[in-house]
Amino acid sequence: MAEQFLAPPPSGEEELDVARKARNMHALITKFQHTFTAIEKCSKPVIAAVHNACIGGGVDMITACDIRYCTTDAYFQVKEVDLGLAADVGTLQRLPRVIGNASLVNELVFTARKMEAAEAHQVGLVSRVYPDKAQMMAGALAVAKQIASKSPVAVQGSKVHLVYSRDHSVEEGLRYMACWNMCMLQSEDLMKSAMSLMAKEKEPPKFSNL
Amino acid sequence: MAEQFLAPPPSGEEELDVARKARNMHALITKFQHTFTAIEKCSKPVIAAVHNACIGGGVDMITACDIRYCTTDAYFQVKEVDLGLAADVGTLQRLPRVIGNASLVNELVFTARKMEAAEAHQVGLVSRVYPDKAQMMAGALAVAKQIASKSPVAVQGSKVHLVYSRDHSVEEGLRYMACWNMCMLQSEDLMKSAMSLMAKEKEPPKFSNL
Amino acid sequence: MAEQFLAPPPSGEEELDVARKARNMHALITKFQHTFTAIEKCSKPVIAAVHNACIGGGVDMITACDIRYCTTDAYFQVKEVDLGLAADVGTLQRLPRVIGNASLVNELVFTARKMEAAEAHQVGLVSRVYPDKAQMMAGALAVAKQIASKSPVAVQGSKVHLVYSRDHSVEEGLRYMACWNMCMLQSEDLMKSAMSLMAKEKEPPKFSNL
Amino acid sequence: MAEQFLAPPPSGEEELDVARKARNMHALITKFQHTFTAIEKCSKPVIAAVHNACIGGGVDMITACDIRYCTTDAYFQVKEVDLGLAADVGTLQRLPRVIGNASLVNELVFTARKMEAAEAHQVGLVSRVYPDKAQMMAGALAVAKQIASKSPVAVQGSKVHLVYSRDHSVEEGLRYMACWNMCMLQSEDLMKSAMSLMAKEKEPPKFSNL
Amino acid sequence: MAEQFLAPPPSGEEELDVARKARNMHALITKFQHTFTAIEKCSKPVIAAVHNACIGGGVDMITACDIRYCTTDAYFQVKEVDLGLAADVGTLQRLPRVIGNASLVNELVFTARKMEAAEAHQVGLVSRVYPDKAQMMAGALAVAKQIASKSPVAVQGSKVHLVYSRDHSVEEGLRYMACWNMCMLQSEDLMKSAMSLMAKEKEPPKFSNL
Amino acid sequence: MAEQFLAPPPSGEEELDVARKARNMHALITKFQHTFTAIEKCSKPVIAAVHNACIGGGVDMITACDIRYCTTDAYFQVKEVDLGLAADVGTLQRLPRVIGNASLVNELVFTARKMEAAEAHQVGLVSRVYPDKAQMMAGALAVAKQIASKSPVAVQGSKVHLVYSRDHSVEEGLRYMACWNMCMLQSEDLMKSAMSLMAKEKEPPKFSNL
């Protein structure tokens, strides 16, 4: 995305040398990367609901989300090679971990071809396809509401470890998990949940904010 | 799972402080984690054959197995968030590596919804679905018998490196492999296998125990 | 593959001890590994087009390629366990990253069974299946030509980071990317691409060799 | 340091449960950690000049600096165990990499004993000891001035890689370096430096800001 | 050390092939490695007090300890090359992290020469040298007693993170630390320590066992 | 070092753009890095014997060696910042692992000041200082001869693991070691060494080449 901000120096100013331009560029790329990484650092799960075009920065964004849904008219395009650059704010890092099909990921990146909703669903980029935007929004909000009704200790803890585990070995992931839950299992949410389950309550218990 | 063992102190004993409870909890979680990791440390391949409900600790267990089969009536549920905790003995670490569909994994974890056998097969949690338990057991045992007939140097070595490779870069995995096989290629199993193949024997050769 | 080179010492020479044989074997395995790794170190994307049998070393080879296509009559077989050894030049390291279905990968490795083109397509080992070799070659060459028409700064940079990201955390991958593009975004290819897009040219711009 | 901020809840408010206190604590510790890590993220080298007491958070701070000097009356104390906690904002992570003497580091941490300037110099915590504060400040500023006169491309690039290398293998460090310098060697600073050296100029060349 | 257990097979039994001997050897080496690693997994700090010879397995052992003292008559010898093998239970992994002098470590390993107490002290293998065994034992016990008087939450937590940090980047170490202390800072030991310090008590407070 | 090869394009040729220059530069830096890394990949230990000036690339080279000796008239200088670049072929990666004194390493790099033999010895860059070149060469050759007399299985195996351990956690290092020695402990060198030790032979046994 940073390529959108490449511009000649204001007239009257000296042209920067390659190294100095590079430092500015580095700062800019890093800033954009943080913008998308913020989604996976968000303590709450984030659902991407895509209709119509999802191109370039759009793919960077949705791969940083936790859950992806789309409409039947949606399509996805890793467009950067057509702009003369390698995608630099997340797609190349996250897409291969989101889809278990390396040949397809590479083909999408190198050719910049469009992928329609059906194929995106079949290969797992999205986990649900809806007929139209209204139904998708209703569906996504229903899932969001369902998740929001659950223990924040459980949900937010799960997100922390799903993201951590993606980037660490199973052994490292388990170790970090044990450290986390030695504390979190002392939460009141466990007792509330247990009592609710035993009482076979229809409604989930009320949990304090986290 | 450790949450099942949270209990008040025996009467008459002083309540432990948060730190001391945490150390006990840490020891307990670690112990349970080892229980499941033992499956992937087992030198022989382990096949999980699932019928009906596979919930919570069940999912932790089968994701530590090497091969997963199930019956058409099987369903899978990452139940922990409904108990007020993040799953802590393996599901969050292993499920994303078992299935190449991050959106679905996250949805299953955050919503605790059931996933039926057909979907489990489609996304690759299981690699075969059988009509009923009897046929599944026959099928799983046939595969087990087939694997058992092969060179233990080959089969057990393959398991070591499949597990190692999951947690290391390709380059690290190749290096460990070269170190392993500089020894294992000196095994008698290679000559036995080669002679058997050349003689076009129906039966696999007999290999010594490893 | 190294097993094909195990041979008794020339007559008259002393038998090497286990350690000395091992060092020779280590050198040989490493050399073969490099042969396949060369494919992923190649700066340009490599497309594997498979017809008929792809066995043993063939699987090692295609998993080191970037894109995989095959014909309907193709089949794939991780054959090494039948030769009495664990595959040691790439399959165990790369196949699990190419396919998002760990149970199937393990089953293929432990049983050495054949996998037909349809299953290979369904699980993502190949991303396209063609009716015959002629059509596959035409298809593969068309894709290759399409990729070759694009900016080499963009295409080759993308390959570098797709391979790097496979073996590093998302954070590490993003950091390396920022370092790469602080330089590469200063390329003339961006301006050429932008002008071509704005002019809505039919033909892609001409890029200098890289 | 975070322990200084542990306080009972404002009267009238409900006591938070262990999990919710933990999340607050986590945010606080992370914030303090960032405060010190900011020093090593600073693009310019940072010199710590210590006189008299350097205790607890002081040690956290100076180990995040690039160069450490002190006066003969300085002493250093990893005080945290005497406060009932493990140091959590950097000392345990950085001190063992700053001093090549693990037995001493451990002894200092477990006993919280004071280490005088002479021992700090002998084991390498500081690289110079001055008789008094005035001479130390003069010495530190002279070094700072000397560094400031040099190419910022060279100095700041060196810092980036010294910090990166501490946390990565030699191979990873070299790879990141090659990526960095493929750009930075195109800087005008090289030509300026070369010409200055060839002309045997007394004064270093003037470099543009970075 | 495993070399001490290499023995011919009991008469009447068939000689194992290279692969099968290797698996036995692997199990044996791993077992010995665990024996020494147990020292660094011990929750309490371990002090090694060395007098006279510390050879081979002795060096493996002391490098797994937290603090090392010796007498003036002590000497250290990495003896394994003289037995025809590379040390395999810890010295090659831990000694370079214990001493910040790679040239010396390598020289000691390759030549198997003795290193006397004075040199061991100068390079930091030991952090104190005592005139004789009695004084060393008194000194070591005094330090042990001093450590034992302190908060176990603080001391044991410090050990966990000193060992963890040795094997992880600073960033990873800080992250694990934040996870640990979000819990441990809720310990009663902080309040006890704070009150004791404010009251300027001579004796440290009494802490519960951990 | 790559800076020595920066040159304008031959007259008549078009100036390359930043990206294309960068790829050439990357290839060049990588090639030089391999030149020095070859020393640590050499199966036999390498001793650096330094007299007089060791500057820039000289420091890159000796930090890739296993053992470092020098004469009293030797001095060391990390010169690159004075040339307008960050050192890019090994010093920034290896020097901090060779010397356990981060403050000094940073000071040397940022200031480009000379370090004399005495200081180099005190901080551990070299492990022996000789009065003159003749005595140094005699000393270095005596050590080399001593090492050459020992089992190559032991010596070369030790080097492999000292280098591996520098770049991996203790746990990873131990695991690789166990894999290595499950093979190497089957060498004839152990028996030869044991018999020689038991017979109290003056001369070391004769070992076959490795």
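By letter and in written order, the chains are A, B, C, D, E and F; residue numbering begins at 1 in each of them.
Everything that follows uses one rule, which is that a contact is a pair of C-beta atoms (placed from the backbone, for glycine too) under 8 Å apart; a residue touches a chain by one contact, two chains touch by 3 or more.
Since this is a predicted model, take the numbers as computed values, not measurements.
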Repeat of the A-C interface, chosen from A-E, A-B or C-D (over half of contact pairs identical by residue number) = A-B
Message = Could you classify the chain A-chain D contact as same or different, where same means more than half of all interface residue numbers appear on both copies?
response = same
Task = Quick one: report the Å distance separating chain D from chain E, using the average Cα coordinate of each chain.
result = 27
Key: Centroid distance [mean C-alpha coordinates] between chain F and chain C, Å   = 34
Key: Gap in Å, rounded to a whole number, between the CA centres of chain F and chain A   = 44
For chain C, residues contacting two or more additional chains = 18, 22-23, 97, 99-101, 124, 153, 166, 179-180, 182-184, 186-187, 189
Residue numbers on chain F that touch chain D, as the complex places them = 2-3, 6, 18, 21-23, 25-26, 29-30, 33, 37, 80-90, 92-94, 96-97, 99-107, 109-112, 123-124, 166-168
Note = The residues of chain D that touch chain C in their complex are 176, 179-180, 182-183
Note = In the complex, chain A touches chain D at residues 16-20, 22-23, 153, 183-184, 186-189, 208-210
Task = Would you pull the chain F residues touching chain E in the complex into a rising list?
result = 45, 66-68, 97-101, 124-127, 143, 146-147, 150-151, 153-155, 157-162, 165-166, 169-171, 173-174, 177-187, 189-194, 197, 207
